[in-house]
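Handing you a structure now.
Naming follows writing order (A, B, C and D), and every chain is counted from residue 1.
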Amino acid sequence: MRYAGKKILTMCVTLFAVTLFVFLAFHMISGDPVTSMLGTQATPERAEALREELGLNDPVLVQYGRWAAGFLKGDMGTSYSYRMPVSEMIVDKLPVTITMTLMAFVWMILIAIPVGLYAAKHEGGVVDRIITVVNQIIMAVPPFFAGILITFVFGMIFRLFTPGGYVSYQVNTGKFVGYLFFPSLAIALPKAAMAIKLLRSSVISELKLDYVRTAYSRGNSKRSVLYRHVLKNAMIPVITFLGMALSDMIAGSIIIEQVFGIPGLGRILLTSISNRDYPVVMAVIVCIATLVLVVNMIVDVIYGLVDPRISVE
Amino acid sequence: MIRVTDLNIEFFDHERPETVVYDFDLTLHEGEIVGLVGESGSGKSMSALAIAGLLSRKDMKKRGEILFEGVNLLDCDRKTLRKFQGNEIGMIFQEPMTSLNPVKKIGWQVEEALRLHTDLSKEERKKRAIEMLQKVELHEPERVYEQYPHELSGGMRQRVMIAAAMICDPKILIADEPTTALDVTIQEQIVALLKRINQEKKTAILFISHDLSLVHQLCERVLVMKGGYVVENGSADEIFYHPKEEYTKKLIAAIPKVVRKTEKDS
Amino acid sequence: MTENILEVTDLQVSYPVSRKTPFEKKKSIQVLKDISFTMKRGEILGLVGESGSGKTTLARSILQMIPYEGTIIRNTVQPQMVFQDPYGSLNPSQRIAWILEEPLRLKGGLSKEERVQKVKTMLQRVGLEEKILERFPRELSGGQRQRIAIAAALMLEPELLIADEPVSALDVTIQAQILALLKEIQKEMNLSILFISHDLRVVYEMCDHVLIMQLGQIRESGDVEEVYFHHKDPYTGKLLKAAGIETA
Amino acid sequence: MNWKKIRKNKNFIAGSILTGIMLLLILAGCFYTPYNPNTMDPSAKFAGVSLKHLMGCDNFGRDIFSRVLSGSRTTLIVAAGTVLIGVVFGILIGALTGYYGGVLDEVLMRINDAVFAFPSILLALLFISLLGSGKYHVIIALGIAFVPSFARIVRSEFIRNKNMDYVKSAKLQGAGDFRIMFVHILPNTMTVLLSAIMIGFNNAVLAEAGMSFLGIGVQPPDASLGRMLSEAQSFLFSAPMYALFPGLTIILLVLGFGLLSDGLKNE
C-alpha cells in the first residue's frame, strides 16, 4: 500500500513537471495573443488593458497556476479556430481514443499470451519456428501500413467493413465498436508480435533457472512447472512491456485514426497543429500525457503486486 | 535400497559427443550417508542429477540402470518417475538463493510435495509444513511460512530447502554441495541437521561435495570421482587416511594441514 | 627492515542507511568498530572472518576507497589488490597484453618496447607462456586468470598486496598451486601480503600472523600458531571446530 | 567475434544480408535513379509494374521505384541523425549518472524517466508543434525523444560494470575517472549498445514514416516513404501497388535492423 502511495506521488510530481514544461514551451512560442485578438484596432492602451484583463502581465508561474487550476475544473480555454471551449471538443473525442486503445490492448493480450506460451512450450519445434519467423516480420510492419493492408484486404476485397464508414458512439454504440474492430487490430498486431517474442524468451530463460530444477525434483509435471512456477516469474518483464505498449498504443491511435478516418483526439491534434491552435494542442497533449502516466502508474502498482521483492524496498 | 549400475551419460551439446559420466556404480542402503567427492567437471553433480531423475535434456544420452524399489528410474515413463520425485527421493542444491521460487511464499513451496503426492487437506498441509519448518530449527515457523525467499538469510533458505525436500519423508535425500555457499559456522549447523535427520528418520543421504574433509566428517562411505570416472571407493577413514589412488592422494595433499609448526620443523 | 608497513589505529567505518522519508533522522550502521593493528614489512597477515564480518570493508578502507574515521598509516606506495573472482577482476573486453600493460601506461614514462619487455618478464614469473598475451580473459581457465590477476597487481611493484579470498573460487588442486605461487613471489620480492580468507586451513598454511574478525570487530589476533593452538576467544574456537580443525 | 559463431548465428547473417542489400540499393539511388523522382509524366499515370517502371507509377505519373529509393534515403538520413543524437547524449548522460550516482543521477534519471514514459511519437509531435515541421526538426525532435532509452541502457550497464573488480583494480592502478569510464567500461557496453542502436534505427524509421504519413514530418520536395503511403491511401482501390511498395520497403528495412539486433544480442 505504501508502495502504491509512493507511485501515485511520483506520478503527480511527473505530471506537474510535464504540464509545466508544456505550458512554458507554448507560452514562449505562442507570442502575444493580444495583437491577433485586437487586429487592426490595436492601440498600445487598449492592448495593455486587455493584457491586464487576461492576466498576461502576471508572472509566468502565476499564469501557469491559473491555467492548471482551470484545467482541473474542466476549463481548458477556448479554441482559436473553432471558437468553442476546448473541453467540449475533448470530452467529445476522448471516449473514441480510449475505446480504441483498450480494444487494441485486449487484442494484444488475447493474441500474445496464448501464442507466446505455446511457442515457449514447444521451443525448437516446427510451429515455434514458424511463429518466430512470422513474428519477426509482423514486428517490422508499421501500424499504419498494417491499417492500410487491413483496409485493402478486409474492407475492399472481403467487404467486411466500409472504409471511412465511421459511426459515432453517440449515434450507435454497437456499430461504433464494430467499426473499431479492425483499427484496433491494426494497432495491436505489431505490439502483439513483440509481446509474443518477449514472453517466449522470458519463459525459456526462466525455465533454465535453478528453482525450476527444484520444482521438478518435487515431482511436478512439465505443465505444472510452467503454470504454477514459471508463469508468474516470466510475466514480470512482460508486464513492464505491456504497460509501455499500452502508452505507445494511446499515441499510436493518433496515426491509425487517420488511416481509418476516425475523428478522435488525433484528428483534433493534427488540425490544431497545422492551424497553430495552441490551446487545443496543449490540452490534447496534456490529456494524452495524463492517460499515459496513469497507465504507467497502474503498471507499476501491478508490478509490485506480482513481484514480492519490489514492494519491500 | 537404490542400486546404480553402469551409468553412462553422454552429451551432444557441442559438435562432438562428450561423455561426462562413465560406468558409474553405486549402492545406497537404508540409513547410510555416502559422499561423492570430486573437483569441478568430475561428473559428480551429473550423476546425482541422473539419480534424482532430473536429466531429461534431449541432447543427452543415458545408459545403465538406476534401480529403486524394483523400478529402473532411467527408462521408466515420466509419470512413474514423478511419483518417486519429492516423495521417495528428495533433493537439495548448492545455491539456496536461486533454488527457491522468488515469487512464491515459503509455505507454498515447503508443502508443494504434499500437494502433489498426498490427499491432505489445506489445513493439514499447513500444519505439517509448520512442523517441518520447526524440525529444521527455524525460529517462528508461522512467520517464515508467510515470508518470501528474499527475506531469509542463506542458512535459513537452505533449511527451508531441506524442510521442503523432507516433508514427504523420502527414503533418499540427495544433497548437491548443500553447504558450499554458506559460512563455516552455518555449514556446521546444516551438516549437523543432516546428520540428525539421517539418524531420526533413517533417511539415506547421498552427499556431494568438493570438500574432502567435510565429507570425511559426515559420511561413512566415499566415492572419489575424476573426469567422469569413480577412481576410488571405500570407507571414509580408509580413503582419508590411506588413499590408494594417486589422484586421491593429490586431493588430500592439496588440503592445507593444520599441524603445529614446531612439530613440523622437528 | 622490521619497520611497520601498515599501522591502523581506532578505525571506524559506518554506512548510511537509506531513509524511507527525507524527514527521518539520518541513521547509519557501523560495520567496523575500533579496529587497531599493525603489519610488519615482509609478513603475510591473515584476516579471517565469516561473511558480514567486515573483512572486505577493512581492505577497502586501507586502500582509501571508502571514507573512514581513525588513522591508517601506510609506509608504502599505493597497495594493489587481488580479488576473489578472477573473471570479474580482468576487463572482459580487453586482451591479456592490454590488461597487463595498462598499469604501466597509466604510470607513464616507459616506451612501448620497455612495457612489453616488463610484461613478458612478469608473465614468466607467474608461470605463464607468452602466447596467452593475445587471448581474452574468457578464454583462460580459472587458475590462469588468477595468475594474470596477480601479475597485473604486481606490475607497479607494490610493497603491499591485499589478496581478498584469492583462491576461494578455485578447485583444491589449483588452489594449492596459486598459494605456492603467492608464497614464492612474496619471498622473492619481500612483499607484504594482507591475506583475507574464510578458510582457516589456508590461512594457517599461508600466514605468519592472523586477525580473527566478527561483526566488525577484531576478536583475536597474534601469531598463527598461538591463535590456533591456544586461542583465548571462544569465537575462534567455534570457527576452528566448525572447520573440523582439531587443536586439542 | 569468431567466424564459427557468426556462421551459426542465423539472425545475424539474415540481418546483414538484408540490410546490406537495402543499403546498397539506397546508396546506388544517391547517384542514379531510373527517373527523376519528382518528374511527372501524365502519360504514365498509374502505369503498372513493367520493365520500364519496376514498381509502376503514381497518380502524377512519377516513377515509384525512383521515389522509393529517394524516400528511403531520406528515411535513413533521418534515422541516422536521430540515432546519432540519441546515442551521443545517451552515452554521456548514462555514463555520468551510472558512474557517479548520487544527486546528479537522481535528478537526471527522474527527468529521463518522465521523458521515457512518453511515447516517442507524442514527444515528437509536441516538438514539431513547437518548432514547425521539416526534415531537420524531425531529426531533432526524434533525437531528443530517443535520448532517454539510450541513457537508460548505458546507465544500467555502467552501474553493473562499475562495481566489478576490474574497475576497482584500474582505480588502484591509478586510472582517472574519465579513462575508467570511456576506456575501461565503455567497450564492455558495446554488445548491448550495438543491439540497442539497431533497435533505435528501427524505431526511428517507424517514427519518421509515421510522422510523414501524418504530413508533419519530411516536407515536399523531399520524397518520403510515409508521405507516399498517405498519398497512396486515396488510390488504394484503383492502384494497390502504389501503397504496397513503399510499405514493403519500410518492412524490409525494419526487418533487417531487427534481425541484426537479435543477432548481436546472441553474440
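Side notes on the structure shown:
The rule we apply is simple: a residue touches a chain if its C-beta (ideal position, glycine included) is under 8 Å from a C-beta of that chain, and two chains touch if they have at least 3 such contacts.
Remember, it's a predicted structure, so these values are computed and weren't measured experimentally.
Ranking all chains by how far their C-alpha centres lie from the centre of subunit D, first place goes to B.
Spacing of subunit A relative to subunit C, judged by their CA centroids, is 54 angstrom. Separating the CA-averaged centres of subunit C and subunit D is a span of 48 Å. Centroids of subunit B and subunit C (each the mean of its C-alpha atoms) stand 33 Å apart.
Residues of subunit C in contact with two or more other chains: none.
In terms of which chains touch, the assembly is arranged as a closed ring, every chain touching its two neighbours and no others.
A list of each chain pair in contact follows: A-B, A-D, B-C, C-D. The touching residues of subunit D, counted against subunit A in their complex, run 110-111, 113-114, 117-119, 121-122, 125-126, 128-130, 202, 206, 209-210, 213-216, 226, 229-230, 232-233, 236-237, 240, 243, 247, 250-255, 258-259, 262.
By the touch criterion given at the top, residues 13-14, 17-18, 22, 25-26, 29, 136-137, 139-145, 148-149, 151-152, 156, 163, 247-248, 250-252, 254-255, 258-259, 269-270, 273-274, 281, 285, 288-289, 292-293, 296 of subunit A touch subunit D in their complex. Taken in their complex, subunit B has these residues touching subunit C: 39-40, 183-188, 210, 212-214, 216-217, 250-251, 253-258, 260-262. Against subunit A, in their complex, subunit B makes its touches with residues 49, 52, 54, 78, 82-87, 89-91, 93, 95, 98-104, 112-113, 116-117, 148, 150-151, 161, 164-165. Interface residues of subunit D, counted against subunit C in their complex, comprise 164-166, 168-175, 179, 184, 187-188, 190.
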